[in-house]
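Before I ask anything, here is the structure I am working with.
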């Protein structure tokens, strides 16, 4: 475990989380959230939790994003906050 | 049959009658016959118990054990038996009376009326035979709930608001004061049985705690209508007269004072009360209630409301007597349960009979009524005499004992209260009789037409009136019962 | 001062997980758009998973797969728990991830249903329309 | 066979859910029968389990799949969990029994979704009761919650909108719990409840900040899940707008099981000694519970929507139990556990009654009770049994739980809690007597109207609702009459965990 690398990813995580909640376009938010998830599985893989990382990549980054995008397409992209 | 089951039968017989009453919905005569029959059996059971109790037998039965040492149980003693006798005998009379009253006034929902009446009576006898505070509390609450439909029987706005007030008063006080007090005692002492010496003697509770407990019970049993928790009683007078008569002259209110008597004799114990010395507070609250309610009664024009305030005063008599803690005073107050019941129910019956026959509710309208309804008014006079305490009526005996008790306790102020209030009683009853007989009606030239109440009303009220007189001569047995209970000779 | 700094640095992933959790919690409560709320919910849940995974980390340990695992007799002697990350939290987190996604799925399905009813997925507007009913 | 009873209790509804969802595609009509059969099997197994543990004091452990505890998931069956299990399966059986009539009126054609979800929920609830593993508990909690989210959302009208808040609050609650368990794991390295207890005692970890943080997180998580007053926001809307079939199942069970699990955590994982050290917590929790009771009762009193009213009553009842368990004395804990059972049936009775009323009048306003004593005497009488039990009228079970709770509160000197309990009994009395008054008398006004002569039309609730309603009201009375035995049973557990 290289802690500099860890710290870097963790800071990125916070930034992506904030940005995902900040952008007005929901589709962008969903995409940024999937980046967040991918960063998260990178972190976990690095921490030695390979199985968790795999699951997160498939389920968290993959499936969640699909759900989100499907919902956004069926409802609306725009939001005021 | 085993003697132990008699109290159970006495309590449950009217409950057993309820399904029959409901089944006979379409046959009024049979339905009322069932009510009467159940009443006779009930009274029979109670009377059959009298010799056993006089012999000092222990009649006790555990119905259901809630926790170890905390059962639902019956125990028959003199005081309970006396009260049970009052309730059971008057149920019969009242049932007969309600036949006349309810049919003449064309009331609806009579099946419901008789059913709840029967349930109320079961609850009343349950209170009378309770062996411990928990049992008493349960039947007390059952009585509150079972009488609610009776109070609101007419179903109009007035009845509903009266019924609401009735229930709010009774439930608030019993759940809010009695239940916590009971649980506190149970938590501290672990015993709720009524015992001759009380259960609190060795509890080591502080003076303040005892005072709080005492007040919680005295005010918590709001059926006793001690001021300032009397407001429900005049409100509940919206009920049909048979209900007012039995429930608010006998069953409900007497359950209140009976419960307080039980607390003083069975939970605190008279000796312990005297040691603790808080009973004088109860004495003064009761004395205040006696005087104030009599004064309010004077100003009431509605006959039933006047009777209601008179009841409040008479109930306070009983509590006042019990709080004096001398043997004669306690005997007198126990006896007053019996005497006042017969006197007051006569008065209520008369009020109902007057309403049935003439439609009159207000005293100011009742001029010249004695000529139209001489029998009713004569009975009214007897009832008044008993409540005032004049010989030859039963009321005299109990009031005499109460006075003697007050003298024993060296409470001269209480003696004065008794005397003054008796005068006030006379002041609010006798003018009614006087106006009825001696003040001529609206048109003195018009020939007076006799229009008595129906026989079904008249006979019961004369029965109770005559019993009021008979009790003057036959008070020995009742006194013996109370003495057995108290373990004293007067 | 340097003590505090080392304290903070040595546990920085715990601090960041708390930060992430707070972001998620804030989004769930303060965001008005329901999709945003549920993105916040996912962030909240992954933060907790991060916390669990962090508890399994050991300095210098490797992924919890036995080296030479097939060579049973040899491996049994050679297993030193310090060399491997604790696998138990990992296994648990697999379930937690699945649960989280299932919740998200249900939530988003309900969002669609709400959108069908009220033509919006903004909380204040839904409340406004509910008030009009 | 009898060794595997705990497995049966969980497996029966789970299997039923599977079969029902499969069969439901082709023949939705059969779902009801499948659900009833599997719940009956679950109930039978639960009762058999109760009989089985009746001889033991501490119960016995059951290993799922035969794996020993630190690796496999251990299920622990003791007198308490067996009792709660019977309550859960019985209430579920009754609630699902009423589902068909409700669904026909409300959501025709959705049977194939509703029944499997209900069964899944029952699986989760039974599992939560049985499990001896803290993480497994989380998973089951989420299974239960997920199926309840779906059940709420399936409803019409405002159901979906209120479901969204329910999901958010529910997830926060569950996540808090998971986080709390994480802290415990961090300190002890175990997730098995019995292990946790022993490690914490052996390692003298009760003073550790980590353990304390974990405990607080777990407690707050369950407070959200059970809907304790300031955290109750999701409950009234979710339960009152859910389909009746679903709310009949959820309202009696969800909060009660959360209370049970919370109590389990407090007594079996953290010990009474641990809690006794921090007196401030108990005071705070009692204060919160007191406020919950008073606020819940008052808000309930102001409601005109029958189901909303009942939901706020549930909020008040949760305050009873949340406070009762923090009394930490024998009477208080006994009262709480008894109240879990009693309240499950009481709430079930009231919700069944309300759904019956709504089914036959089509309105959920409290005014629809008008003249109910004539129109639907039986339905109303059964509903009333639940109401009287809520007030605490003997011999219904509500009286006895209140008896013990008040007794415990007096012993513990928590006078504000006593006052709150009594206050809520009185408010309940007001609420139900207002309903009785409506039911008895409010049709008199119509009789005065000459142009419309009184036409008393019988419209009792459908049989499908009435039968479970009757059974529930009978159970309420029976539970009261046999309360000494139940109490005895509970006290055995309370003594075994060392509460005095």
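Order of writing sets the labels: A, B, C and D. Residues in every chain begin at 1.
Everything that follows uses one rule, which is that a contact is a pair of C-beta atoms (placed from the backbone, for glycine too) under 8 Å apart; a residue touches a chain by one contact, two chains touch by 3 or more.
None of these values were measured; they are calculated from a predicted model.
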Check: Which chain lies the greatest distance away from chain A when centres are computed from Cα atoms alone?
Finding: B
Next item on the list: Mind having a look at which chain is the central one, using mean CA positions?
Entry: D
Next item on the list: Look at the interfaces B-D and A-C and say which one is made up of more C-beta pairs in contact.
Entry: A-C
Next item on the list: Could you tell me the distance, in whole angstrom, between the mean C-alpha positions of chain B and chain D?
Entry: 44
Notebook entry, point to check: So how far apart, in whole Å, are chain A and chain C when each is placed at the average of its C-alpha atoms?
Noted result: 11
Next item on the list: Could you tell me the distance, in whole angstrom, between the mean C-alpha positions of chain A and chain B?
Entry: 78
Next item on the list: Determine the centre-to-centre distance between chain C and chain D, using the mean Cα coordinates as centres, and give it in whole Å.
Entry: 29
Next item on the list: Considering only which chains touch which, label the overall pattern as line, ring, star, complete or other.
Entry: line
Check: Which chain pairs here would you call touching?
Finding: A-C, B-D, C-D
Check: Where on chain B does chain D make contact in their complex?
Finding: 64-67, 138, 141-142, 145, 148-149, 152, 155-156, 160, 163-164, 167-168, 171-172, 175-176, 179-180, 183-184, 186-187
Next item on the list: Enumerate the contact residues on chain A facing chain C in the complex.
Entry: 1, 3, 6-7, 10-11, 13-14, 17-18, 20-21, 26, 29-30, 33, 36-37, 40, 43-44, 47-52, 55-56, 59-60, 63-64, 67-68, 70-72, 74-76, 79-81
Notebook entry, point to check: In their complex, what parts of chain C are in touch with chain A?
Noted result: 9, 12-13, 16, 19-20, 23-24, 27, 31-33, 35-36, 38-40, 42-43, 46, 49-50, 53-54, 56-57, 59-65, 84-85, 89-91, 93-94, 97-98, 100-101, 104-105, 108-109, 111-112, 115, 120-122
Checklist line | In the complex with chain C, residue positions of chain D that touch it | finding: 135, 138-139, 142, 145-146, 149-150, 153, 158, 160-161, 163-164, 167-168, 171-172, 175, 178-179, 182, 185-186, 191
Next item on the list: Flag every residue of chain C that touches chain D in the complex, lowest number first.
Entry: 21, 25, 28-29, 34, 37, 41, 44-45, 48, 51-52, 55, 88-89, 92, 95-96, 99, 102-103, 106-107, 109-111, 113-114, 117-118, 126, 130, 133
